[in-house]
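Two complexes follow with subunit A in common, the first pairing it with subunit B and the second with subunit C.
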Partner chain A sequence: MNTAEFLLMVVKWWGAIGALVALVFLTVGMDRIDEDADGAYVFRPLLIPGILLIWPLVLWRWYCLAFETDHWAHRYKPRRHNHRIFAYVMPIAIVLVIAAGLSVRQQWPAHIAPEQLSAPEASQ
Partner chain B sequence: MSRKDEPFFVGYLPLPAGLKGFTLFISLAVFVLFFGAGLLIGATQDAPEDTGFRFDFGRQTVTGVVELTPYPILRVTEGNDRIAPGKTMMLTAAGKSGVDMRAMGLEGQLAQISGIVLERGTIDMMQLRGGRNGISPVEGNAPAMEIEPLGRWKLAGEICDGKCLYGAMRPGRGLAHKACANLCITGDVPPVFVSTQPVEGQEFMLITGPEATRMPQEAYDFVGQFVTLEGDIERRGDLLVLQIDPATIALVDE
Partner chain C sequence: MSVKYIPVQWNRSKWVYDALMLIAVTLFLYVFLFVSPEVLSHEAPINPQVHNARAFGACAFLMLTVILCIGPLARIDRRFLPLLYNRRHFGVMTAFVAITHAGYILNWYFAFSNSDKYEALLFANTSYGQLAGFPFEAFGIFALICLLILAATSHDFWMKFLTPPVWKRIHASIYLAYVAVVAHVSLGILQDQQNHVFTVIFIGGALTVAGLHAYAAWQEDRRGDELGADQDGWIDICDASEIEEGLAKIKILPNGERVAVFRHEGKLNAISNACAHQNGPLGEGRIIDCLVTCPWHGFQYDVRNGRSPAPFTEKIPTYNLRIENGHVQVHRDANPPGTPVEPVEVPA
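And now, the complex of A and B:
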């Protein structure tokens, strides 16, 4: 298995587990942790793509809410505190990453001509 | 103005008068920014002429001899008004998948293929229809096909998937292009090498490993990057096949 095949396999398994989490969470779990979702079904398929991507976070939040291990107000505090930092860091980082990527980009080696190393008879 | 009097936007209420100018400015700025970025990015991409899926040709059906290099190709023996006998077609399926499994039992036999042509310049590939509608055996004796060895060469260029370079896309650059090409090759789309300058009149050639094996594992790490490499080249019809020597692959120095 090469690197590309390994990465593809990881993505497939990640998506498959995410699909399983989405199925169970949207049919069983959501009703138990969010009373506002009780009886509301049309919006649930819209959540599937997101759950496929961040299913570990969904499982963790599901656990926290089901077992009441967090306080609702604490959920928002850290992110609000860091909003300003991220607001400056993210656009700067994006520009830096793009600039770094472009600066190390290879140039098409048009000057290198094909070179015959041996004639057909010699190579057979 | 006290904070109490500051206009405050609430999505389900009418826009406060004090925010209309600001909202209009931001909306226009975002539109101009993304429109400009789209134009800029599009203008920097390669756009080879006369390439792509030839849906305007309609579905093409030809007959020929299947060869497994091991990637399947068809040496056309009975063409049509678009595809002449003597042409060599590389074969692929829809999406990022090849036709290896379907062609496996047909090596050296006559077969009929049907699908949509992709072309770039003088090179062609056919994206086959599904199942036996795309490729099926034909009664008759397959003529012997000539394979002309062209010796060992040192080349510079890029390893890519055939579909991208045969016109299914604008050939890309960078990591996303590399990942896309690796997915195609992993899915059995035939890999190709695009040379900086023509070899025996051809800039594109089908890649195999040494001794007609599949593209070696080592080569995957160099896909989508500009490299030099050595390998034996042979001509099958109007298609060149490059048997790369993985030990000789090296990134082109900056």
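And now, the complex of A and C:
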């Protein structure tokens, strides 16, 4: 098995486990942890892609809510400082990446006509 | 808002926003594909598959660029706040456009070998040790995964389920995705670009995003909310007369949280500055019909108890408040969300 095959196998297993989590969570688990979901069924299929992608996080949050390990104050801590880091680091990264791209870009003089390096007969 | 989840919370403003967005995307694709081939260097014969891939790729880049400009613009100038209102729909549509781009690429460049096309995408170029000829597809795959996660977790359920801080951390990956898209383009199509119109549009767009974010952050550093002075557990906010009717004064508490002290009908109340919905800055909103209204998405709370009006169920923490020698002081410990606090009269 090469690396590409291995990565695709990981993706398939990730999706399969996610599908299982989605099935149980959307049919049994959700009603017990969120009163707003009680009797609301039409929106649930919309959640399937999200569960497939981040099912470990879903399991963790499901556990926190089911066993009430959350502290209410944690819901009200805006991550403004995180944003500040991104706001300064992202511009630097953008400039560096563009500069890197331009530095390896090959420029060919437009006035030079294409030249055949060897005759077709010679290469056969 | 809460009550019962529905698939999409439409209202007139969102219909208009989405309709305009759809028209703009259609117009962009039409212009790219049919009107301006010579401007964008498409006069060379390329097949429709490649042409479509480029059109959707350029559209996704432009949409992402606009999305990332909205946040800093709204912080720099409040007149841009309406654009923030329905940004999530914008993001979901961008993810669909990006998937279409990826689909055209996969079904052309990787579809005609004996290998599975997804495997071919991963092993076709593995020159990770060099900059020239770097497998730029990897950056595109990473950005696409980020966009898919953001789109798939955009429903309000996710915000409540994951909590706004966790949700916002996940959605901060949009910045990584954008840098990855810039790398994807810089090491990809930019290497082969003969016509400089595209180069100028691409670099101009990316630098606009970079510049706006840096400027907005620098401005917030200069003029942002201040840390309140602690006096035996009570935090000094300001002189009572400094708070205008219907508006708030925001201060940072020693634990890093923000409190908003509102004045309503000559009385003061203190609530958390973070909206329960997306942690929007409530203190930058105003009181409408006795309710504090979040400037981001219009969620409302009674300033006296931090509760949304029935039938909605959102709650935010409140703070005890007192006036000492004409100075407003807030206790540093928040009350549990929805706790009523008696308003304090502003001295005449």
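Rule of thumb we're sticking to: the second predicted complex is superposed on the first by the 79 of 124 C-alpha atoms of A that agree within 3 Å, B and C clash if a C-alpha of one lies under 4 Å from a C-alpha of the other, contacts with A are read in each partner's own complex, and residues count from 1 in each chain.
Here is the rule we use: a residue touches a chain if its C-beta (ideal position, glycine included) is under 8 Å from a C-beta of that chain, and two chains touch if they have at least 3 such contacts.
All of these numbers come straight from a predicted model, not from anything done at the bench.
Contacts of A:105 after superposition: both subunit B and subunit C are touched.
Taking subunit B and subunit C in turn and counting the residues of subunit A each one touches, the greater count comes from C.
In the superposed pair of complexes, A:3 makes contact with subunit B and with subunit C alike. Looking at the shared chain after the overlay, A:74 reaches subunit C, while subunit B stays out of its contact range.
Once the two complexes are overlaid on chain A, the subunit A residues touched by subunit B in the first and by subunit C in the second are 2-5, 8, 101, 105-106.
Taken together, the subunit A residues at the contact with subunit C in this complex read 2-5, 7-8, 33-40, 42-43, 46-47, 49-50, 52-54, 57-58, 61, 65, 70, 72-79, 81-84, 86-88, 90-91, 93-95, 97-98, 100-106.
Chain contact summary for the complex, subunit C toward subunit A: residues 2-7, 72, 116, 118-120, 122-123, 131-132, 145, 148-149, 151-153, 155, 157-158, 160-166, 168-170, 172, 175, 178-179, 182-183, 185-187, 190-191, 203, 206-207, 209-211, 213-214, 216-217, 220-221, 256-258, 272-274, 276, 279, 281, 313, 316-317, 334, 336-337. Of all residues in subunit A, only 2-5, 8, 101, 105-120, 122-124 touch subunit B in the complex they form. For subunit B in complex with subunit A, the residues that touch the partner chain are 148-157, 173-175, 179, 182-183, 185-186, 195-199, 217, 220-221, 225-226, 228, 230, 232, 251-252, 254.
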